[in-house]
Amino acid sequence: MFIEVSFVALNMVEIAVLLKQVPDTNAKIAILGGRVDESAVTSWVTSPYDEYALEAALQHIEAAGGSITAITLGPDRADKVLKDAAALGVTKLVRIWGDGWEDLDSNQVQFALVDAVRASGAELVYCGKQSADRNQGSTGPGVAEMLGAACVVEVSEFDASSSSYVRPASSGSEKVTVSSPAVITFSKTESDLRRPNVRGIMMSKKAQIDLVSSDVGSSQVNFNGDSSPAEKPPGKTFQGSDCIPEVVGLLRDEAKVL
Amino acid sequence: MEITIIAETQENNLHSVTRQLVGAATSLGASPTILCANGIGADEAAGISGVGKVVSVNGDCFTTFDGGAWATAFDAAAGEGVIMGAATAQGRDVVSRIAARRGIPVVQDVVALSEGIKMTHPIYSGKAMQDVTVAGDCAMTLRANIFSAADDGGSAESSIVQQSGDVKIAVQEAIAKASERLDVTDADIIISGGRGMGGPENFDKLYSIADGLGAAVGASRAAVDAWDEIPHNMQVGQTGKTVNPSLYIAVGISGAIQHLAGMRTSKFIVAINKDPEAPIFKIADYGIVSTWEEALPVLASEIANLQ
Amino acid sequence: MSQTSCRLFKGEDMVYEALDFYDVDSQLSEEEIMVRDMVRDWVDAEVLPKIEHACRDGVFPDEWRVALGEMGVLGAPLDGYGCPGLSYVAYGVICRELERGDSGLRSFASVQGSLAMYPIWDFGSEEQKNKYLPKMASGDLIGCFGLTEPDYGSNPGGMITKAEDKGDHYILNGAKMWITNGTISDLAIVWAKLDGVIRGFIVETGDEGYSAPEMKGKHSLKASVTSELVFQDCKIPKDRILPGVKGLKGPFSCLNNARYGISWGALGAAQACFHSAKEYTLSRIQFDVPIASYQLIQNKLAWMLREITKGQLLALELGKKKDDGSWIPEHISLAKMNNVDIALEIARMARDMHGANGILDEYCIMRHMANLESVKTYEGTHDIHNLILGRHITGIQSFTRSE
C-alpha cells in the first residue's frame, strides 16, 4: 500500500488547461457599429484547439495521476466551457473576469492567466495553439515567458507514457521532451475527443466555479474597429494554358493564397 | 522609429519573407536592424536595401528550436522600439515571448501596416479584419506574401554578439513526413479532379502538384463512382466531404450543385475546364478554359518556380 | 501559405440548424442543453454517416447500443438502480435528437427505456430491479416489450397469450408480433393472461420454449429490428412475474411514457425534413431562380415552420406536466397524435419539394417519411388516439360496439 501511494505521488501531475469560449466556428460573423456583433452569435463553444489540449490533459492524468484545473478568461457566458470540461471529469474550475475587460491586450490576458495558473499550482499548462476568434497564437508562449517556463508550440501528438510531444519541424515533425514547468500549445491531434455522458453532466451541475480577477493594468492597444474582409473581385476567365503564369501570379499577389 | 527584425531562415539561408519584413519596416520610415541566429543569412541581409544594421546573434541555443531560449538571446541583442518577425509558428512563438518579457503588446499575423502604428490583422479565420493602434513599443508578426519585398542594394554594417539562453526542450526523434496523403478536410489547399480527368492514372498529375503545395487531392463523385482507385474519402460535395480551404482548384469538374455544396465556401476557387460554358466557372475566382492536358504541366512548373 | 488553418471549420451552410422559431430550447435547463448537445453531436458524428447503410442492410448497428449506454441516456427519466435520473423534458429532448437521426434509433431507445426498463422500475421486485436495471441503463442488456399479437393490435385487452401457474414455475403459451428489438434483446417484458388477468413476465433469451425470429421485408424502420416472440410451453421461474401490477394498467403505463417520447421524437424527424427542404429549395434553380423564391414553395415552408413550432410548444408543455405530475393520459394522446401527424405530412411535403432527388437515399426525407408511417401506427394508431380524446370529451367510448 505504501509503495503504491508513493509511486503515484512521484508521477502525479498538476495541469492547468486554458479554455477560451468562442463563437461556433460555423457561425457567420457580422459587423455592427464597427465591431464584431457578439449578440448575433447564437452558439458559443470551446475553441477547437483548446479541446485537443483538454483531451491531452485528460489522457495525461489518466496515465500519470494528478488533477486538472480548467481556466477560462471571459464573461458570465464562459462558464459554459468550464461546465463542459467538468462534464468530462475536470473538478477544478476557474473563471477570470473584471470590469471593462472587453478589449484586453495580449499582455493583460497573459498576466491574468498567469495569476490563475500560479494559484492552481500547476507545473504544466496545456492550451490551444491559437483561439478560433482572434487567431493570434500569443497566449501560450506569452504565459510561458511570464511563468519562466518552456513552451512547445503546435503539438500534434502527445504520448502520455513518455511525456513526449510531437511538434512540426522543417522536415516533417519531431518528438521532443521538455523540462517542467512547461506550456504546451496543441493543434489538432489524432485523438478522438471524448464525449461527455449523462453522469458527467450531472456532476458538472454540482461543480463549483471560482470567479477571480486580476489587476491587469491598462491596455496598450487601441482597438479601432473591425470590418468585413474586402469583397472578392468578380471572377475572371482566362483562355488557354498560356495564361497560367498570370493566374499563379494573381493567386500569389492578389489572392495571397500561395 | 527603431525596428528590430528577427530574420526568418530556411535551412542555411534567409527565408524570402525576411525581405518582406524589411520592406514593411522601411515603409514606416525605419532603417531596421536584422538579427540573424548564429549569423545565418547575415551576409544576404546586409545587402538588402534599407537595412540599417545586421547583428549575428551567436549562441549554443540556436541548434534546437526553443522559443524561450531564442527569445532570451534575441531580447538581449535587440534595441527598444518595435520587434518584428514573420507569422510562422516559430516567429509567433519567439516574438510573443519577447513581447511578454518586455511587457509590450504583440499583434500577430498583420496584413496591413501604417504609421501610428496602425495594424490590421484577420480575426475569425479571415471572416473579419481588426484594426488596432499601438502608441508605444510593440511586437508584431507579419503574414508572408503581403508586403512588398525590399530589393538588394544595401550595405549595412554587420556585427556579432554572443547571446544564448537555456534550452529546455530536447529533440528525441525526428519523424519523417508521413507519406500518407493529406485528407481533404485537413488541407488548406485542395486540388480536385473530376470525370474530365479521363482516367484514374491521370490523377498522378494532380498528386505531384499537390505534393509541391502541401495540398490534398479531392475528387467529384463522378470520378469516385467511375474509378475504384479513387476512394470515397476523396469525394467533395453534398454526399462527400465539406471543405473550406483557402484555395480550391477544380480540374475537369463541371460544377454540379451537389459538388458546389461541398466546396462553395472555399476562399479562392480556380477552375480548369475545357468547356467555357461549364457551371463551375460561375463560382470560380479564376477560370481557365483549357484542357487539363495542356494546363497541368504549365501549372506544375509555375508552382515549382514559386518555391 | 496562409497561417490560419481551416481544418476545424466546416462550411457555414452545411451545418444542421435545428429549427426553433420561438426559441423553445431557451426554456431548457443548463443540464438539458448539455444533454441535447451531447446527443446531437453524437448523431452528427456517428449516426448520420452510417444510417443509410444500416437501412440497406436492415440492421441496428450494435455500436449504437454501446454508445447510448456510454452516454447514459437509456431509461432517461428513471431514477436509482444506475439509471440516469433526468427530467422528462430531458428525455423528450433526447428522443427528439435521436429521431432527427432516425426513428429506428429512437425506437430502440424508447423500447429499452420506457417499455422494458420502466415496468421493471415501477412494477418489479427489489431483486428484479437490482438484477436488470443497472445493466439495462448501461446498454449491456437489451429489453423488448411484447404486447401486440397477430390478432390483437389496437385491442390488446383481447390478447390470447396465457400463463399457467405450475407451482414452482410458470408456463407461457402464445405469440407476440411486431416486437421492436425482439431478436436482439436479452429479455422480454411479456404481457400474458394468468387466470384471465393481464400480468407482466420477464422472459430471458435462452428460456426453454422461447424464440424470437426476426420479421423481414419492412419498407419502414429498416434500421430497427422487429420480431415475433413465440412461446411454446415456455418455462420461466416464479420470480419472473412483475409483482406490482395487474390488468391493462401495466402495459398502458409503459405506453404513456413511450408515447410521450414519441411526441418529441417526431419533431426531430420533422426538423430534419424541414432543414433539408429549406436547403434544397434555396439551391435548386428552375426557370432561372431558386425554387425557394416561388410562393408555392414558401407557402409549404411556412406551413412546416408553423406546425413544427406548435408541436414544439405542445411537447415542451407536456414535458413540464410530466415533470410536475399534472398530466393525464389524454394529454399524451393529443401530443403523440398531432406531432406524428404533422411530421409525416412535413416529410411527404418535403419529399415533393425535392423532386426526383426526393426519392434517393442521398436525402433523409424519404427515409423519415417511410419511418413515420410506422410511428403513426405503433403506440396507439392515430385514430385510436382520436378515440381516446373522443371518449374524454363525450364520456362515451367508441372503441367497440359491445360494452
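Chains: A, B and C, in written order; residue numbering restarts at 1 for each.
In this text, a residue touches a chain if its C-beta (ideal position, glycine included) is under 8 Å from a C-beta of that chain, and two chains touch if they have at least 3 such contacts.
All of these numbers come straight from a predicted model, not from anything done at the bench.
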Hey, which chain is the most central one here, using CA centres?
A
Most contacts: which chain pair?
A-B
Mind checking the centre-to-centre distance between chain A and chain C? Centres are C-alpha means, answer in whole Å.
39
Compute the distance, rounded to whole Å, between the mean C-alpha positions of chain A and chain B.
21
Would you kindly tell me how far, in whole Å, the mean C-alpha position of chain C lies from that of chain B?
51
Chain A: positions in contact with at least two other chains:
25, 28, 132, 135, 188, 256-258
Multi-chain contact residues (two or more partners), chain B
109, 122, 125-126, 143, 186, 189, 213, 246
Mind pulling the chain C residues that touch 2 or more other chains?
1-5, 7, 9-12
Help me check something: in the complex, which residues belonging to chain A touch chain B?
23, 25, 28-29, 31, 36, 105-107, 110, 129, 132-139, 141-146, 149-154, 164, 166, 168-179, 182, 188, 219-229, 232-233, 235-245, 247-248, 250-253, 255-258
Taking the touch rule as given, give the residues of chain C at its contact with chain A in the complex, in rising order.
1-5, 7-12, 15, 30-31, 34-35, 38, 41-42, 70-73, 76, 84-86
Touching chain B in the complex, chain C uses residues 1-7, 9-14, 283-285, 362
The chain A residues in contact with chain C across the complex are 25-28, 48-49, 83-84, 87, 132, 135, 187-188, 195-199, 201-202, 204-205, 256-258
Contacting residues of chain B [partner chain C, same complex]
87-88, 109, 122, 125-126, 143-144, 185-189, 213-214, 238-239, 242-246, 257, 261-265
